[in-house]
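See the structures that follow.
Below are two complexes that have chain A in common, paired first with chain B and then with chain C.
Up next is the complex of A and B:
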């Protein structure tokens, strides 16, 4: 692959000021978030469907639109997860055509976070960081720990001290330094920001955030490619900070602008859990002012961010694309997980249950018309959040080792040979 | 001396109170409003606080005690 400087600058999303490509993430003038800017004219000259198709099936086949200078060095196998046609789920939800973008089988840690982390850590290496870190309640921590281990980078993972054991183990196993921090969420958050500012570490979701966030675009690029170089009419995606939704929007726009896909209408819809739905609440109230949720309370813990950094931008993306927004209860989340599993064979984490449950509402209300087509983005594997469905999906029926007992059990369910 | 950048979120009941002014008089910190948006329902202020570490901590505690939500500018340091 060529390594021309396609990635040109960091740029403030508010005022448009340009910055050098360093480990910074906030505009010094208005504190607006910085994001990666590219030399699209130079990219347009070389970036074609043929070039993309000639490359290995990983997220790095869209390398010109990712914010690193050289070749990727971390997470080179990440991405290109299946886009599955889900006819049985489509029927259950009452829509003509439905696809699942299945990032629950992303490599290596079974969530879409591997996309963002591989970009952040590849860039961290280019910037000379020896230590990388993150503050996370689950998927991000697992991904940073695993990818840093593979790349030989020292890593620190900061977590609230009351996190579930399963999630802690999912990071500890990779040999990372896990630090539990006591206290309410706000104080943990503030300490992490202080640490990020004080130590010369590459904090993937703080000072490396502009690089990290861009990795999400690859999910959008892949969806378009896997649909036969077409944009989906509707995309439904769960929202925590709202970043993924805004990056899908950016990905679709970049593909249109670079003539990789034909311009067509597309709508992006957001999904949240009712127990923490600051973006959905603001959207439904018709405002862009996202009010913080003081005490998030939902089983979809990976979405439980009360002060979503990209909430404002997510609302703008939904409005601009004619999208909509929904939220759902914990019971509906569990139903969503079960429905997805029973109709597609895909076991999603609670965030996936949110996406399915909200898609159902969007279709029922006509916001996604039933005669159109939609893609649901599933962002993490259900094995990570098993506690959410324990006791809610039934129990095995136990019998003795006897054919008679077995036949008595299944007599009403299946016919016998004789 | 340290510089801290914070988002303050005022609930409706505090919107009319000159909190930044009071903060500058109550504590030895320099306050610098960098961005603000105030409606009838909520006030959002992006504030730079310059001062000794302990004084900044006390300022934040005072704001929180009044009911102001205080976040680092890097909100969402913790992710899923």
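Up next is the complex of A and C:
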């Protein structure tokens, strides 16, 4: 692969001012987020379906559209998760065609966050950082811890102190420094922003955010490629900060602009938990002013961000693509997890339950027409949030090692011979 | 006097000071005073209509001023005002 500088600058999303490709994340003039900018003319000359298909099946097959200078050095095997046709779930939800983009089996830490961390830490190395860190609702912490361990970088992960056991252990095991903060994610984030200014660390979602965020695009690239180089008519994705939704939008647009896929209508829909739904609330009220939620209260802890940094842009993306937005209760989240598991064999974390539950509402209300096709993005694995469903999916029936006891148990369910 | 904590991207305007002290009975007055001491600072924080910019969060003693009275939020002598950029994450 060439190391031609496809990735040219950082650029303010608000005012368009250009910045050098450093560890900075906001515009000095209006605090707008900085975003990676590329030399699309140069990319267009080389970037083809054939080139992509000739490469290993990882997220780095779209390397020209990712913001690092050299070759990736962290997370080189991340991505290219399965896109699963979900006929039984389609029937249950009442839609003609349904696909699951299954990032619950992303490598190595079973969530889509491995995509963003792979980019952020590869870039962190290019920028010379020896210590990396993040604020996280769990999945990002797991991924930073694991990928930093593999890369030999020292890491600190800061999380709300009340996270699920699986998410805490899933960071501790890698030998990272886990710091639990007494308070919701937004306060963890605020602390991290102050720490990032004080210590010379690479904070993946603070001063490395422009690099980090771009990694999410690869989920969109993969969906399009796996559908046979076509954009999905509808995409449903859960929202915490709203970043992933905006990056799916960017990914689809980039593929159209670079003639990788034909232009076609696509709509992106957002899903939130009702216990923390600042984006959904604003969208439904018809405003772009996202009012922060002070005390998030939902079992979907990975989505419990009360002050979503990309909420404004997520609303713009949904509007621009004719998408819509829904939210769901804790009970609906659990039902969503169970329905997905029972019809597809995929065990999603609470955020996935949110996506399924909200997709159901969007289909029922006709916002996603039942004769069309949709992709649901499942972003993390259910083993990480077991607390949410313990006691809600039944218990094993325990018997002695006796054929008689077994037959008594199943007598009403099956015949004695088939 | 109240302490105002300056985020990294604005420290070029405060001679690299992380914290500055300014007086003022409300957040609005504090921001005006801040601008008098460090010209150019307030236009980064509020837009041309005087509204706190979309991507800026201001906290008074750890409380987001959007949950208080925005620029009318009263400021006491011992308060700490933090200016924090919005952050993505998850």
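Following the convention adopted for this analysis, the second predicted complex is superposed on the first by the 403 of 418 C-alpha atoms of A that agree within 3 Å, B and C clash if a C-alpha of one lies under 4 Å from a C-alpha of the other, contacts with A are read in each partner's own complex, and residues count from 1 in each chain.
Note that a contact is a pair of C-beta atoms (placed from the backbone, for glycine too) under 8 Å apart; a residue touches a chain by one contact, two chains touch by 3 or more.
Just so it is clear, the structure is predicted and the values come from calculations on it, not from any experiment.
Once chain A of one complex is fitted onto chain A of the other, the partner contacts of A:24 are limited to chain C, with no touch recorded for chain B.
By the touch criterion stated above, A:312 is placed in contact with chain C alone, chain B being left untouched. Touch criterion met: A:301 reaches chain B, while chain C stays clear of it. Contacts of A:137 after superposition on the shared chain: both chain B and chain C are touched. Contacts of A:192 after superposition: both chain B and chain C are touched. Applying the stated contact rule after C-alpha superposition, one finds that A:206 touches each of chain B and chain C. Of the two partner chains placed by the overlay, only chain B lies in contact with A:160; chain C stays clear of it.
Contacts of A:270 after superposition on the shared chain: neither chain B nor chain C is touched. Note: residues 25-26, 30-31, 113, 134-137, 139-140, 185-186, 189-190, 192-194, 196, 205-206, 209, 240-241, 291-292, 294, 302-303, 305, 307, 309 of chain A belong to the chain B contact set and to the chain C contact set alike, using the contact criterion stated above.
Contact residues on chain A toward chain B in their complex (touch as defined above): 25-26, 30-31, 113, 134-140, 158, 160, 185-186, 188-190, 192-194, 196, 203, 205-206, 209, 240-241, 289, 291-292, 294, 301-305, 307-309, 351.
Touching chain A in their complex are the following residues of chain B: 5, 7, 9, 34-35, 37, 39, 41-42, 44, 46, 60, 69-80.
The touching residues of chain C, counted against chain A in their complex, run 5, 7-12, 18, 44-45, 47, 53-57, 59, 62, 64, 66-67, 82, 84-90.
For chain A in complex with chain C, the residues that touch the partner chain are 14, 24-33, 113, 134-137, 139-140, 185-187, 189-190, 192-194, 196-198, 205-206, 209, 212-213, 240-241, 243-244, 291-292, 294, 302-303, 305, 307, 309-310, 312.
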